[in-house]
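Chain naming follows the written order as A, B, C and D, and within any one chain the residues start at number 1.
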Amino acid sequence: MSMNTFNWKVAGLSGEGIMVSGLIFSKTSSRHGFYIFDYTEYPSIITGGHNTYQVHAGIEPVYAQKEKLDLLLAMNANALVEHLDELTSNSLVIFDSSDDKINIAEFNLPCKSLDLPMVKLAKEMGATRLMGNNVGLGASAYLLGLDLEILNSVIHDIFARKGQEVVDLNHKAAKAGYEFARNAKAAGQLGNWDFAAFEKQEYPESRVTFTGNEAVALGSVAGGLKLFAAYPMTPSSSVLHYLAAHEDKAGIVVKHAEDEISAINMALGASFTGVRSMTSTSGGGFAYMTEALGLSGVSELPLVVFESMRPGPALGMPTWTAQGDLQFVVTASQDEFPRFVFAPGDAQEAFEMAKLSQELAEKYQGLVILLSDKYLSESRYTAELAVTKLSHERHGFNQNPVSDETGFYPRYKIDKENAISMRSVPGQQGGEHINNSYEHDEYGLATEESQMRISQMDKRKRKLKLMKSEIPQQFYSGSLEDEITFISFGSTKGPLLEAQRQLAANGKKVGVLNLTWLSPFPIEQVSKVIKESKRVVVVEGNQCGQLANLITQETGIKLEENYRRYDGRPFYAEEIIKFINK
Amino acid sequence: MSMNTFNWKVAGLSGEGIMVSGLIFSKTSSRHGFYIFDYTEYPSIITGGHNTYQVHAGIEPVYAQKEKLDLLLAMNANALVEHLDELTSNSLVIFDSSDDKINIAEFNLPCKSLDLPMVKLAKEMGATRLMGNNVGLGASAYLLGLDLEILNSVIHDIFARKGQEVVDLNHKAAKAGYEFARNAKAAGQLGNWDFAAFEKQEYPESRVTFTGNEAVALGSVAGGLKLFAAYPMTPSSSVLHYLAAHEDKAGIVVKHAEDEISAINMALGASFTGVRSMTSTSGGGFAYMTEALGLSGVSELPLVVFESMRPGPALGMPTWTAQGDLQFVVTASQDEFPRFVFAPGDAQEAFEMAKLSQELAEKYQGLVILLSDKYLSESRYTAELAVTKLSHERHGFNQNPVSDETGFYPRYKIDKENAISMRSVPGQQGGEHINNSYEHDEYGLATEESQMRISQMDKRKRKLKLMKSEIPQQFYSGSLEDEITFISFGSTKGPLLEAQRQLAANGKKVGVLNLTWLSPFPIEQVSKVIKESKRVVVVEGNQCGQLANLITQETGIKLEENYRRYDGRPFYAEEIIKFINK
Amino acid sequence: MSVKAKPAYPFKPTWCTGCGNFGIWGAIKMGIGALGVPKENVVMVYDVGCSGNMADFNDHYGFHALHGRALPVAAGIKLGNQDLKVLVIMGDGGCYGEGGTHFINLMRGNHDVTLLIHNNNRYSLTTGQMSPTTRKGTKTKSTPVGSIEEPFNPIAIAASNNAGFIAREFAADIPKLSARITEAMNYDGFAMIDILQPCPVYNPAMSYEWYRENVISLESEGHQSNSREAAWKQAMRADKLATGLFYKEDKPSYHAQVKNLQQSSLTKQPISDIDISSLAVEFK
Amino acid sequence: MSVKAKPAYPFKPTWCTGCGNFGIWGAIKMGIGALGVPKENVVMVYDVGCSGNMADFNDHYGFHALHGRALPVAAGIKLGNQDLKVLVIMGDGGCYGEGGTHFINLMRGNHDVTLLIHNNNRYSLTTGQMSPTTRKGTKTKSTPVGSIEEPFNPIAIAASNNAGFIAREFAADIPKLSARITEAMNYDGFAMIDILQPCPVYNPAMSYEWYRENVISLESEGHQSNSREAAWKQAMRADKLATGLFYKEDKPSYHAQVKNLQQSSLTKQPISDIDISSLAVEFK
């Protein structure tokens, strides 16, 4: 039991409503004004595998999942086996002995438990087996001191599209669970178990909770996305699903293409007409997109590619997390051209950077790769949407292109003062040019001439200098006194902040430098922090230390100490602490 | 005119026999016992573009093309325009005023010239226009002091399959040119022009001349290649053409697949049955192969991928050279697995390394990428084939696989002492297992378990240590006294050696460290040379310094000085010298 | 009970209750059994998908390929060792979408492999998006207001594209399907069976009952399987989904036309005695 | 003369003497001319190949795509701005080989683009290897003892795969080809013309004379272009190569079925006024 936080988990068979139940509980927590962090695990099969959804909530920001549970809602016997290690003497387990044929004594639980006849209670009131989950939610709410009204409001919002009858039954089920737990506790069935419930907080107008992928999708829409073409691949698919489902409200066009190659080339085609476009995939699909990245590069076409990592090589472990594609995405595609590579650290940053990606792709007429991983993509975070009305200027469009004596418009004009040349789009008279995947001259016509080649390569490289000037302050929470400075990128931010907080509570000061800009690389910032740090540990989700490699390549500094994980699981603050204490 | 070398070039319209003429002249030179280096240029269209073939020959090894010509055989007026800069007062130009309507005075040649009526002479003897090229070859032979008999022997070998009549006509044409030149010289038409011809040398039994691609193809056959599947892409296609044409003699199967993805997956399928296999492509096709690289990695299937670079991004300049894919091939594919990346420096090394690649792919059960570029792939070098009979042992095949109680064979057995587990192949009783693109257990069945994942990742990584022990001495021609040490990779070796020789002749000592092993990287060797060098210059064929990046990443040493070229043209010794003298 | 159970090998199917893959799986085992070929001589190549998850449920040599790429792997295996029987398991998504060009191009080569397409009209493993065979107007996760594309017709395409053995069967008709699998695996060349596979989770509309009502057997129609035209017409009909053998024609398979495979498979050709001297001659 | 000449814009064709691309090029210019559409509203998307080299010879907006990928680019352009006329130039290698899955899948969507396939039965730009339409037994650089595959039949495939406008013409019949191009570009949907293109350099056997002897016009046969079956039969006949309009059917094009494109093209939809508040609700 920790101060003003709780850590709740539901676990059971995939396909049996675990995900929805978790979401309901998470939203309920959030509507109490709590910060939440949700983490889910599921296997790469459709039903029958083991599925978990855990919610870490608190009145102060929470950054990551926690290992030790306050409350485990075990939807079958296997859930007890799988999560025994996560229980302490202060935990509580809810299970359903009648439905799941559980003899609880066999499990040697270290903690108290509540035998809740979820299925029976549900069926008694005419509800379905699956609705029994809400009995468990109601009980959880009572035990952690949550408001049944708020739980009911969430249940309403989630099930409204299935009709009032369904909503009512679910409400009844929740209430039954709530009351069962109250009675059991009152009857002393939980012994001395208790949870120090904390107060509801203010629930700000701007507050939302969403997953990294939802944040990316929404951020892209906020950034002016118009054409989204993609091909499903775990863990990126929910961006496609979200955008397809909201095509209308978002005012965009979504195309599920026949493969990743088609998706990226469609996005480039649309970009040529002047609309902001994007594709999304995971590492395997990204592999097939690599040639087209260079087409964006050589023809200076704006393009945003979202890539959400999972463990490889090849198919690897589809539903697990990893940070093993970093060096691949930084160098992917033949030859060289400037690119942005961003790796947001949480959903708030994912939203902001997705928005920014749309902007910067257009401004610098080229490629932005937005890198995520299963952990960020499918975990749910608290965020604030301060601004919901946006107005974008357009960058680099010549409103009155004029062709010269060649009959063509110098779309790729060489101008040493100005790396970025003005575009024209089809339909504009006088703007005719070729958008070429070959090396080309100022009009876009193919060339093999030495001088023109050099000029166009140099023109494209000149953009890099401007791109570097966009690099913002990287997330750095630390000071000169820190005993250790952790350097990480992307989603590793959360567990490190969680570790930082826990260590601080024990009087140990550590700093966290989390990089979200991987290309162009924030050389000076990173060098400075490293030089001023007493001890640096690079923490990343791969085996060979790709961030460490990149840091060495860019700064010339070799960093010897690192903590790496490559088993598909996310980092845990507890383990990071163990690592540095050993 | 240089000491015991000549530099000859033929230039004209592509599709008009320039390539064959150049080849004949090159072979003629080689059969004099001279070392040769041939370099060709042509555009990415089928006929009508400007095409050149140049032969640098000498009695000492020659390493690269030279800028200044001893003799230019200009097959049209454009050839004179294009190559004016390459002429000195000592050069000689052969042209055909009557056929090409050339008024030679207009060109302000710095040198003497010979007006040779190639087409007229050919037609007079009943030969075709194109056979007129042989008139030019005959004249060239006379003027550079070559043996007409040897020229005729080459003409015979090249045209024999077209019948004796064609051979005879070509012989006549060569003779006519030879005599015309002799008469012209005797008549004083060349003024004081003369060439210090040098002696025929011994022509060793083992001597051959071949292009980098031919060397790779032949070396692969020598290495036990059995199944070759590929898709054409300049400048890799000649490997496909060569192997297809020699399927029978080489005892292999060649498949032109419907795309690169099919090619690499076919090669992997064949590899699963136990045969040595390979695919080939250029950067654009390699992009589509990147996912399957990881399949080789995760399932530990031997595979050799030949990649010949050309300038990009995207289609770039198909028929020109570049070294811009280095970092891409080193990191390509999602997540991490050990791989060899080799970049031979000349045709001799290309032959040896292609042979070695077949061996090492099998030995380490994984991926070998053999990296070339247009310059190495299509330039012709002198080499020695000392050994033409080869016998290969097989690595890692369990002759008597035994399945255990699971009914499967532990193909991916975890053994901390032994990173390499023994394979079984379909058809072997008791060897049943799954070759999986998912993460898998010891039998190859899919797993998402944390411990098994870590074990298999660690197993694969353990191979890296053994692979490192294979790293041979990298090519290093230098000493502690050198004023400059050049570091390069792959085909840049030649121009640097040429520069080294020319500088040495002028009393300036420079060293050359040319890397052919890029992964695993020869960290110690490179660090040592750098530390012992007075001044290091990294020379590479790209804009951003990818070799320099890799060196920094691997050694932690930042190298500031570099000489780079990214206009599709190869390095020239003359320009390297100019660079370091400025 | 409080100890994690070790899995039994091969693993037990993880398909959803009612999944059409169960029937196909049964038919495959029976169909292979009837071949009378030693277990180790049958290689199964699996694409990625719910269908491909079968890789862990069988006891043959297996190759779990990348999404859409099972066919080139299979062709490569057969080129490496033609003495093997090669059976390819693909989904409609992998076969007609991601790997579409392999399907249309390797078919023309008559590579001697048997291809089963578990056609459930969905990308099921990735939770039910539209696939190339999804009917126009269908709402899926990637087409929430209805798909716009008209569906791909694999049988008609095969009939127009030189395939020598073309069949369609229903997943639930196990005896017929297993016999067809045996027949296909005995055929010397490229044999495809498009299998109508119910996916109750993501394609509930096309249920077992729906199929029973909409399927008609070619045999009952007196269809002659030696006419491409008749095959094409049956494939194109809008009223019913015909099952059975649409077309069969004897012709040499790919490897039978490769000179270096006339004597023996590549796996049997040693590399202990390579002589490149005759190849070296042209470089003199 | 001793100064390098500056190129004239657009560049002059670099095709070999006698190349069939000359005729097609002429027909394209005439065909577009007859549309009466302003030059800037016609976008040409070129695949890589000898055919695609035409990118530098025209004066329209052009997109020179990656090998095999011209179709998805074209579909993307049309989705971005449906007011443009989109004409796609591909070779048989890019369209039916490398890009085969785009061909079979985008066709089904009825994207409103016109696709010209310069079908010379070879990969010509890469010096003449086998392509998907190369006839069985043909010796090419990649098949020196004769190709094993039977050829891909694009017309029969299109007839089996929901294409709404299917034609074949001969490169040298410029009036007929140009009229067909105009007709195809006026068609609202996916219109393909497979063009028989002589390549005297790498496919000398299929010369102009050969084609003249082997081509027959559908018009002369009284072919009715409203029957898929008749189209398919004409496509499959072995004796002759029929030219003309095989099939035509009116149906809504892809963009016409996308709700957000009913009012205007995406390019006309501003991004100066985005409101995500209604989207944010579900995240509360």
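The rule is short, and it goes like this: contacts are C-beta pairs under 8 Å (C-beta built on N, C-alpha and C of every residue); 3 or more make two chains touch, one makes a residue touch a chain.
Please read all numbers here as calculations on a predicted model, not as lab measurements.
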Would you say B-C or B-D is joined by more C-beta pairs in contact?
B-C
Considering only mean CA positions as chain centres, point out the chain farthest from subunit D.
A
Averaging only over C-alpha atoms, locate the centres of subunit A and subunit C and give their separation in whole Å.
36
Roughly how far is subunit C from subunit D, going centre to centre by Cα mean, in whole Å?
31
If you average the CA atoms of subunit B and of subunit C, how many Å lie between those two points?
41
Residue numbers in subunit D touching 2 or more other chains?
48, 53, 64, 66, 97-98, 100-101, 105, 132, 145, 258-259
What positions in subunit A touch 2 or more of the other chains?
44, 247-248, 258-259, 261, 284, 291-292, 295, 314-315, 436-438, 446
Under the stated contact criterion, what part of subunit D meets subunit C in this complex?
96-101, 104-105, 108-110, 132, 145, 148-153, 156-157, 159-162, 228-229, 232-233, 235-236, 254, 257-259
For subunit A, which residues are in contact with subunit B within the complex?
43-44, 261, 282-284, 286-288, 290-295, 297-299, 309, 311-320, 322, 324-325, 327-328, 330-337, 436-439, 446, 448, 450-451, 453-454, 457, 461, 542-544, 546, 549-550, 552-553, 556-558, 566-569
Residue ranges of subunit A touching subunit C (in the complex, touch as defined)
15, 44-49, 77, 80-82, 84, 106-108, 231-234, 237, 240-241, 244-245, 247-248, 254, 256, 258-259, 284, 314-315
Show me the residue ranges of subunit C that touch subunit A in the complex, using the header's touch definition.
1-4, 14-17, 48, 50, 53, 64, 66-68, 97-98, 100, 123-127, 129-130, 132, 141-145, 201
Subunit A residues touching subunit D - in the complex, by the definition given at the top:
27, 30-31, 157, 207-210, 214, 218, 221-222, 224, 226-227, 229, 246-253, 255, 257-259, 261-263, 265-277, 291-292, 295, 385, 388-394, 406-408, 425-438, 443-446
